[in-house]
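Okay, so chain A shows up in both of these, paired with chain B first and chain C after.
Moving on, here comes the complex of A and B:
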């Protein structure tokens, strides 16, 4: 006769909770055993991955292939069945240029203008976004008065819809907006910020930084808080200057987070559309017309839409994003290897 | 078990009743320039009281939704049951033929026949809908600013140059930011183009390259934007063919002369009130004519509707003479209905300025050129308008010289014609 093991206190409640869980496990146990018998142990991995792969296939791969198919067709019809196969004509039309630096020499000049604008936007916005996010994260990591409040303040714009962000800044920057009202109050002449090519471009960069900086600051702040404090204490005892501590301790240890932020910002910058579309509509002229807006206008907003050309442009943009993602993966792996060697 | 069966039965009954309710739904996509959405809602409430089996759902949307999202829905074989649309001809393959469905097709032919061709495929006798309003493009002058500046408002035969000169004088005298503005719209730009002798339609019925008439006005127009005579805000404020109006600048007293159209009258009447005096001026003259453009918004039935009979009942009701009369009088819109026009209208406004403006636009209808009357029924009109807006605004923003913009306009239009496969 076995002696009963004494139950720990409170186990009655734990047992009660486990009853439905066991019941559920029991229900799926029999079918899963049957599946395992049929597929074998190795096949079970594929079985569990199947739902995820199905979702990925339906919502990512399938649209990609449909989009690719559209890029090989011409005409204005929406359904693929009604469209004419034109091979790589749409790509040839996009690349028909005598000088890629001069959009006016291209058949699809607006596409190349949008490519140029997007490239400039990415360079400026990514650099400034990283810089501001890092500086903000460093400041918010210090012992500040009302630190939680400041963290919330910087994060708040992230919660806003891009359309709201665009509208708010439009009301500030337009001819009869708040900024001109304030300037006028101080005796300055009002200025049409959004009608000036350079200011409109600067506004597009600035507004997108304002809207998204909080998110990246949060990622960097999490990275900063994960750096052991004793490293700084040891450096301080050795008489290391704060700037040197930043370059030698903070930055290297923050690098994994920084890499994630850089790639996320890059991808987001290439895809820029919503807030800038509301803010400037791509103007003045085409000075803030970016690639996504070009695709949207070509595929949906113009009279006699050209879904094939829009699809070709989006495939090209997708390729750029794939390259950026591969760079992220490559950098991530190399930093992992370095970390494991150390 | 019995409980489960009862619940399932209740659920099934619920589903059935909700499906039955859906069968009588008629959804209307509607945009408003002024108060017409509210007037329509009132009229439809009365309709639903008379026809309890039909539930009309009014979706008030912005004009850009009608221009940009509705076409995609239609291409996908989807969309509302009825829609208020301005791009009527180019999308006519999506409209439902109401001829076999309406109570009296002859009534429709008699009263709306003049514009029927604007909204049906070429060569058909389809009844697609009716014009909720006939619009005529034309100008508005801020009379108070003219009076304060001591400058006489140019007369009936004044040219675009006369207006530009007078508006500049007033703006300078009254420290107003903009002498003139013209909506960012190819339709609006086409009025003066036609007055300068433009003809968009080639011998084969397809778009012709821009001619000297168009070039002459476009050169003037871009020059006026560059020297500040014409508001830069409106034309360079977006890329592509996005529509932008300058109505708010006029309402705020920031503009001396505004070239838009008759649909602004109720808007101005409501929003300007007694803030300042304003007058409608018709269209300024060019070397060829003094024409504006005609057009308007049509209410069309969509052929993808699941309830064509109910849709026809709603359309019959809204096209009724007494309803059209009430709608026009309350919205201050010019109706298309011949019977209503013949019997006259008593516009419901105490605003003498609005009354005078409406009369001015009715008079301006007499000076429309033949081409201006033809363009609303021309398949390629919107294609030309879109290309004009896109490229002229680039020239206005200083991105390319006008010559190159004109070359691009022709190339864009040719590419669109080729893409269409027609």
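Moving on, here comes the complex of A and C:
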């Protein structure tokens, strides 16, 4: 990115808004000059950094560390002082299973159901997401009329809120919905898809792909467009077949971006919650109950809430995410493409 | 026509259609239907009356059954095109239905009941937009309240995000001090701590600060975003240090340098961050759901999810409110999409 001189403020409205802001910032200046005299230049750096560090400290770092303390305590009390130390009991409870393949044999059977569901979800969703966004990126990278329009088409759902996404699809998949209407044209009877365990799971996977694939398509497309065109021209002159050009030129050169995207999709898939929660509420039964929802319900929603257990589960999930993020940062460094999240 | 088609489908180089061209167009047109179709269906449905929403098969456009007030009956009656037993046709109003027999009256001669088999009648329908779906939630559901809460959270959080993150980015790009690398690493490390991992302790901290059931409890934990610091810092690094040195010679204070020189020059990056922040905060769901338990504090997203999870979902209101919730984001999509797409392609942030 390059710095460029900003255009002079055009509209009178924009000017009017800026007047009180300018005034406030001007008023702040005098006391800050005093601060600057006291602190010196280096001190001013600390001053500028302070608000951000304060917020990070209070709302990210502090919770991160006391999360471990929470996972070592029991009871339903909210504040740490009122809680009793139980050591590793919460972890022991999570891992108390006679057979790890069968969630019903565990003390915390919902936790293992959530783990199993999340694992299946991650495998299916990540595979399909990569497949769909890669094909879309390849297609958008062709000589196309109105490419930016088509790119926007696939990008549109990315901006929608998870709640809106969940409700749109809940409305389509319900008994009087668009899907049944379309199938009715082919002679099928209406079906309540979201009341069926397998279809609800498929819907969770499909809807989350629908909502996010435009984002990854965009990153992959940027990667594709960075591949020099003369490579393909040279390949064509040598009589290389397009399929071979794809495997030998496109895929290897896209690999850094592709790896970053895979890890990003993985990180998001492990944390899946919002849109599925609105779409199915974790049901029917526990068929679309995923880890984040388990943590949320254990920590906040159930009648017998257990913050310690929720904290222990969230730390286990956090460890998976830390590993994935470290891989991502490593990949990002080696490919000079920064991948990050909000 | 064929020239338009040729223009739309023109491709460089090769002549004639290759199978990949066919796949391309099937994929694109299919994508158009799947990506926009659901949202368009939502908007269309939001104008239907509750009766039309319960129908199967649904109609594409919103229709309502015409009603007529008939002398001797309290409520307006539904009008039907009926075929009478003698084969003649008439427009009749239905009084009641018993099994497969509908008892009807002629609105002109209300005295006499005519019995018609239900297969012999079709409702008289006209297209009508149920705009009450949009107007009623404003009185029924504290909808104005939720709208205001969402706007307040979005605007306040975005303003604070811009100020706090640009200050930090300024410090990290324009000053040399001990611990600068450490501070940068610390900020990037917070990328590894998503909300789903720290929600239990974060909730207790927010409660301890007295911010439970308070919109500031929704705003404050979100305002320091690592990606915000990151993109602003990358941008500020391109601003030449000579500008700042010159300002210092002219006795400008550090605050003035930040506010009068660096910030205006960072405007493009600030714009990108502002757009992202608006979309993030408007769409936030899990954290507001945890922090806000009093009805009058719900944001739109929380209110929508709560009402849609009720036993008797009033879909006609939910659909209309969903459309309203979509509007700001759709506006961003239409007018500011290029900022977002270049932002993502450049930094991979969302």
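Here, the second predicted complex is superposed on the first by the 261 of 342 C-alpha atoms of A that agree within 3 Å, B and C clash if a C-alpha of one lies under 4 Å from a C-alpha of the other, contacts with A are read in each partner's own complex, and residues count from 1 in each chain.
We adopt the following convention: contacts are C-beta pairs under 8 Å (C-beta built on N, C-alpha and C of every residue); 3 or more make two chains touch, one makes a residue touch a chain.
This structure is a prediction, so every number in the text was calculated from the model and none was measured.
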Query = Touching A:191 in the superposition: chain B (first), chain C (second), both, neither?
reply = neither
Request  = Based on the superposed arrangement, let me know which partner A:104 touches: chain B (first), chain C (second), both, or neither?
outcome  = first
Request  = Check the residue A:303 against both partner chains and state whether it touches chain B (first), chain C (second), both, or neither.
outcome  = first
Task = Classify the contacts of A:175 with the two partner chains as first (chain B alone), second (chain C alone), both, or neither.
result = both
Query = In the superposed arrangement, does A:78 touch chain B (first), chain C (second), both or neither?
reply = both
Task = Would you sort A:289 into first (chain B), second (chain C), both or neither based on which partner it touches?
result = first
Inquiry  = So in the superposed three-chain picture, is A:95 touching just chain B, just chain C, both, or none of them (first/second/both/neither)?
reply    = neither
Query = Does the superposition put A:281 against chain B (first), chain C (second), both, or neither?
reply = both
Inquiry  = For A:199 in the superposed arrangement: first (chain B), second (chain C), both or neither?
reply    = neither
Inquiry  = Can you tell me whether chain B or chain C touches more residues on chain A?
reply    = C
Query = Do any residues of chain A touch both chain B and chain C, and if so, which are they?
reply = 78-79, 175-176, 281, 300
Task = Can you check the complex and tell me which residues of chain A touch chain C?
result = 1-6, 25, 28-29, 32-33, 36, 41-42, 44-49, 51-53, 55-56, 58-64, 66-67, 69-70, 78-80, 135-136, 139, 142-145, 148, 150-164, 166-172, 175-178, 180-181, 184, 190, 210, 214-215, 218-219, 221-222, 242, 260, 264, 271, 273-274, 277-278, 281, 291-292, 295-296, 299-300, 307, 310-311, 314-315, 317-318, 321-322, 325-326, 329, 332, 337-342
Ask   = Which residues of chain B touch chain A in their complex?
value = 67-69, 71-72, 75-76, 87, 90, 177, 232-233, 236-242, 244, 252, 382-383, 385-386, 390, 393-394, 396-400, 404, 408, 411, 416, 419-421
Chain A partner contacts - residues on chain C that touch it in the complex = 7-13, 20, 23-24, 27-28, 31-32, 34-39, 41-42, 45, 53-58, 163-165, 167-168, 170-172, 175, 177, 180, 183, 186-188, 190-194, 196-209, 220-221, 223-227, 229-230, 234-235, 238-239, 253-256, 258-259, 264-269, 276, 279-280, 282-283, 285-286, 290, 301, 304-305, 308-309, 315, 318-319, 322, 325-326, 329-330, 332-333, 337-338, 340-341, 344-350
Message = Taking the touch rule as given, give the residues of chain A at its contact with chain B in the complex, in rising order.
response = 74-79, 84, 104, 107, 109-110, 175-176, 192, 194-195, 197, 280-289, 293, 297, 300-306
